[in-house]
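Two complexes come next, and they have one chain in common, subunit A, joined by subunit B in the first and subunit C in the second.
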Partner chain A sequence: METVISSLSSALVLSSMYILVSLGFALLLSIMGILNFAHGAIYMVAGYICYQFSVELGLNQWISLILSVVIVGLFGLFLEKFCFRPFLKDWFRAVVMTIAVTLIIETTVNVTVGVYTRQLPLFIPGVFKAGAISVSAERILTFIAGGVLLLLLTWFIRKAKMGQQMLAIAQNSEGAAFQGIDINRVSAIACVMGCALAAIAGCLMGALFQLSPYAGDSMLLKAIQIVILSGIGSFGGIVFAGLIIGFIDAILPLLTSGAITQTVGVGIIIVLLLVRPQGFFGREV
Partner chain B sequence: MSEQQLSVKKQSRLVKPAIYAAVLVILIILPSIIQSSFLMYVFTLTLIYIIAASSLRTIALSGQVSLGHAGFMSIGAFTAGVLGQRFGWSPWATLPLGAFATMAIAIIVGYPFARLRAIYFSMISLFFGIGILSLISVFQKYTGGENGLVGIPSLFAGSYLANYYFFLGLTVISLLILWRFESCRIGLKLKSIAQSHLLASSIGVDETGYRVMALAVGCFFVGLAGAGFAHYNIAISTSSFNLIASTNLLIYVLLGGIGSFVGPIIGTVILIIIPELFRSLKSFSPYLSAGIMILVIFLIPQGVTSLPQMIKGWIIKLRESRYVNHDARN
Partner chain C sequence: MKRRKQLILLVSICLVLLVTLPMLTSCGNSKSEENVVTIGAPVDFTGSSSASGQLVYEGIQAVEEYFSQQGGITINGQKYSVKFTAEDTKSTADGSVAAVKKLVNDDGLKIIVGQSTPYQISAANTITGPAKVINGVMYNTMTPGELGPDFPYTFLIGGGGAVDAVTGLLTYGGNNYKDIKTVTIIIPDDGQIPYMEPVVKKIAEAQGWTVLDTIGWATSTVDFTPIAQKALAKNPDAIAMTTGWPGMIGSILQLVRQAGFEGLVMGTNPAEDILAVAGAEASTNYIGIGDTPTDPNLPAKAKEFGQIVQNKFGHCLFYNLWACNAYYTIVGIVEGAQSTDPTAIKNYWENAQAIDSIWGTCPMGGLETYGVRHDVIMPVPICGLTNGQATFLSWQEITVP
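So, the complex of A and B:
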């Protein structure tokens, strides 16, 4: 019972964080057509910024979380304007640019904080108890934060004007431009949103797990896996795909080794790509 | 065409082979100029990565941009490593075996992968590369898992010079074969597939067959590079072949210029040797690589090898504008 509850809670926590990170990745991929290899590094650096504010400078942890999200969001604005916009129609140069940004972020963390792993203090210490079930409050907070953000995002994309414009650009950017949608403005907002979501996930995960300068690489991989599973260009499938990947990551290691878990995850993606390249919810190849 | 123009053309035909010969001569006498064994180690490593990057470009000729090329490299490296270290085979047998094993796997996966085009091919190759690495971790008993193998037999034990000359020869031969492959009819067919696969297959080019062929030839050479890396470096681990290694190979190609054969060579040399020359910067040296990458993509969009063409274009523009001014004044 104890292991079932703990693995279920970690599956839900992992899924919600994976979904937040990969939603930002998918926004950039479908709106700007850029495969953002720097997304993992952005997720990683947010945790470090929060660490610097809360542990080194001694600020309130919630304030440092907000500061970290704001800083990373502004960095997203910079990224869109100077790093992505010049290479919109040039896939190769955009790839080189995103990898250069990754290098710069990782090196900055290495130089300033060091390669050693760090850990953020818990946002809410304590344990939540209900009868025989006891789950750490931090996990519940992370899951609730992920869920609330996800609901807000769903509302934003489905109902808000800006979200509808994003969907229109993802479907057909030229057609959207004909209808008078300012593509540059929408992509800037998408980039800020993507970076801010990754930052929230990075701070929350930093309290549950360890911060490491290379933690972004595995998260980037998860984001790509989830986007492929749900299909490039579809946002709705990301929740479903994120739950699949989160449950595989949380539950399979109980039964087998970590290497086999990764092999299974990658194997599912390869088979899916061969059978149905557009993913579970994609429209076309 | 006047006689003067003809002689100029003859001269320019001789310029390129002369440059290649001069570079080769410099590379041959390099060890006697540079007495540092560390720099020779870096140069030999650069030679190995030149083979890998050039083979990636051969695959990219057919319009398939592989993001898992280091995964294929790991097949060659771990085949050579496991056979050499666990079973005591001679390096001279495992070096070609690593290359052939990689080619065999490339042919097996090439047919199903050829269903996918553009970004979907890049994605499946990315996950194939990661899958290979996690398979290597699963068979920990033989491959040593994530820590990899230590104590793989060396080709020339302890001699930097012999290793350098061997890999110089291997690189030159590999590049000649790849160049021949690209410049014959097959290369043209690959380029036609990259431009329009529908048009190419409508005039009778077997798209799947040629794409698999490009993948097989590219993977043969990257397997050779991987096996050479295993025997040269003596120790291998999965971290040398992860996603970052794959994207690094792609960056070597893109930085040098994907449109020219010399591109990957120049890209590899720039991105491996310049950060090594500034080793005194220590942990700051990735800034240098990132700076070079950003400068090149902003200033020379087609890669470093297109620089002469760009300059030529500027000169022509400058001349034209001068003529225009001249005419206007008259």
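So, the complex of A and C:
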């Protein structure tokens, strides 16, 4: 029973963080058509920024998280205007630009603080115990935060005017432009939101696991897997795919060992894609 | 037409200069390099390990400065200055090959010291082996291609090989924690499990422990909850992690403590690093490997190098001393061999009774473990965590048969 509860908590935490990061990634992909390889680096650097504020400068940790999200979100504005918008019509150059941003961010962090072991202090210390079952309060917080953000984002996309505009652009950008939607403005807001979501995930995960200059690489890979599995253009599918991949990553190591876990996990994804190449909720090409 | 001819002439002159100038300068250099021992150093300047690579390079520079201050070394009555030539490995196997090729084939160097990951070591051996170049490696995980009879010119010099580290850790645990009867071992699954597992089991059994389980983990693992669960599944008295980085070992320590496990946890990382990850509440009953450069228990030579690094770079971290140790030791071996010829160095080294390092005088060993007597066996610094406090515990002398 203890193992089941621990695995469930691990699966839900991983899933919620994967979903948060993937949603940000999917926003950019759907609205701007850009495969943002810098998304993982943004996720990573947010944790380090939060660390600087909370540990080095001694600010309240929650305030540090907010500051980190704001800074990274504003960086999203910079990215959209100077790195993505000029290359909207040239996919390859856009990808090269995102790779360049990734390298710059990762190398900067690696060279400055990479050699030091860093982890964010827990946002909520303590362990929730019920009999033989124990789950850290931090994991519970991470899952709740992920769930709340997901609900907010779902409401935003479905009900808010800006969210509807984002959906319209994702479905047909030319048609949306004809309807008078300011593509650049909406893209900029989407970029800010995407980066902010990655930043929140980065800070929460940075408190659970060690900060590392290359932590974003594995998270980017998960985001790409989830977006492909869900179907490009489907935000709802990301929740479903995120849960699948989160559960695979949490449960499979219990059943297999070592590197086989990763192989089996990717194998499951490949099989799912063979059955449904467009993803669970994607449109047939 | 005239301008075109002038342009062609200009380009031709530039090409000729480009080709001949290096030859002219190298002619000049070869004369002044007669009394210089140049050692190649493949270093992770870029890539995922660049942060530690930079610290390693600082250690190399400190050693160069040290020998410069000493007036060099003496070989057959002649004074030789000591220089190191570093090349970037890009933290990859391909980069290691390129770096070692440059050092061996282009620069003509006969002694290389530096790789520390299995894939880099294996890659470099493909160059140094056939060229009969001394390859001093700073770590080892028992995988084929790293160290053994097939690589007669490869030696383990860092004092940080996985077998040495685990031997020190488990021996200290066996000597100081008499209530341990059972242990679970955790090993990274990067290809080393089939080779490390039997060795680690043997070391554990030598302490009178029963190994309940061996758990492998993928190096790309983010959440170690399943690993921690598996480690506790058979109720061991202790958990031993043979190799890993602070994020992994610290996470597992935190997770097992949250699950209520109070037994000894052993890992191969310094206590301070684990404390930073696991948090004060979970950081207890842990022993690890590492020493702080500011530790008053450091041997005199290590303190001396620590001071050089501190003066030169404003800090001294573990990786600095690790590098100082390796590069100081190799220079001593060259001087001990009284030769710069790799075969003479190899013969001296593998038959030497004792090797001088910054940690003190160290025996050679490894014949039974690796098939070659190519391991400089250095004492292992044991540190610990007790109630959220990191302390240095002891130097553990080891034997690696």
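Convention: the second predicted complex is superposed on the first by the 273 of 285 C-alpha atoms of A that agree within 3 Å, B and C clash if a C-alpha of one lies under 4 Å from a C-alpha of the other, contacts with A are read in each partner's own complex, and residues count from 1 in each chain.
We take it that a residue touches a chain if its C-beta (ideal position, glycine included) is under 8 Å from a C-beta of that chain, and two chains touch if they have at least 3 such contacts.
Please read all numbers here as calculations on a predicted model, not as lab measurements.
J.: Subunit B versus subunit C on the shared subunit A, clash or fit?
T.: clash
J.: Of the two partner chains, subunit B (first) and subunit C (second), which one does A:262 touch, if any: first, second, both, or neither?
T.: Both partners.
J.: Between subunit B (first) and subunit C (second), which, if any, makes contact with A:107: first, second, both or neither?
T.: A:107 contacts both subunit B and subunit C.
J.: State whether A:210 touches subunit B only (first), subunit C only (second), both chains, or neither.
T.: second
J.: Output check: A:99 vs subunit B and subunit C. Expected answer is one of first, second, both, neither. What do you get?
T.: It touches subunit B, and subunit C stays clear.
J.: A:253 in the overlay: touching subunit B, subunit C, both, or neither? Say first, second, both or neither.
T.: The answer is second: A:253 touches subunit C but not subunit B.
J.: Thinking of the overlay built on chain A, is A:7 touched by subunit B (first), by subunit C (second), by both, or by neither?
T.: The second partner, subunit C, only.
J.: So which positions on subunit A get touched by both subunit B and subunit C?
T.: Looking at subunit A, the two contact sets intersect at 107, 110-111, 257, 259-260, 262.
J.: Looking at the complex, which residues from subunit C come into contact with subunit A?
T.: 46, 48, 50-52, 54-55, 188-190, 193, 215-223, 225-227, 229-230, 233, 245-247, 250-251, 258-260, 272-273, 276-277, 279, 281, 317, 319
J.: Using the touch definition up top, name the residues of subunit B that touch subunit A in the complex.
T.: My answer: residues 112-113, 115-116, 119-120, 123-124, 126-128, 130-131, 134-135, 137-138, 140, 145-146, 242-244, 247, 250-251, 254-255, 258, 283-284, 286-287, 289-290, 293-294, 296-298, 301.
J.: Looking at the complex, which residues from subunit A come into contact with subunit B?
T.: 35, 37, 86-87, 90-93, 95-97, 99-101, 103-104, 106-107, 110-111, 217, 220-221, 224-225, 228, 232, 257, 259-260, 262-263, 266-267, 269-270, 273-274, 277, 285
J.: Give every residue of subunit A touching subunit C within the complex, in rising order.
T.: For subunit A paired with subunit C, touching residues are 2-3, 6-7, 9-10, 13-14, 107, 110-111, 113-115, 117-119, 121-122, 125, 127, 132, 134, 136, 205, 208-210, 212-215, 218-219, 249-254, 257-262.
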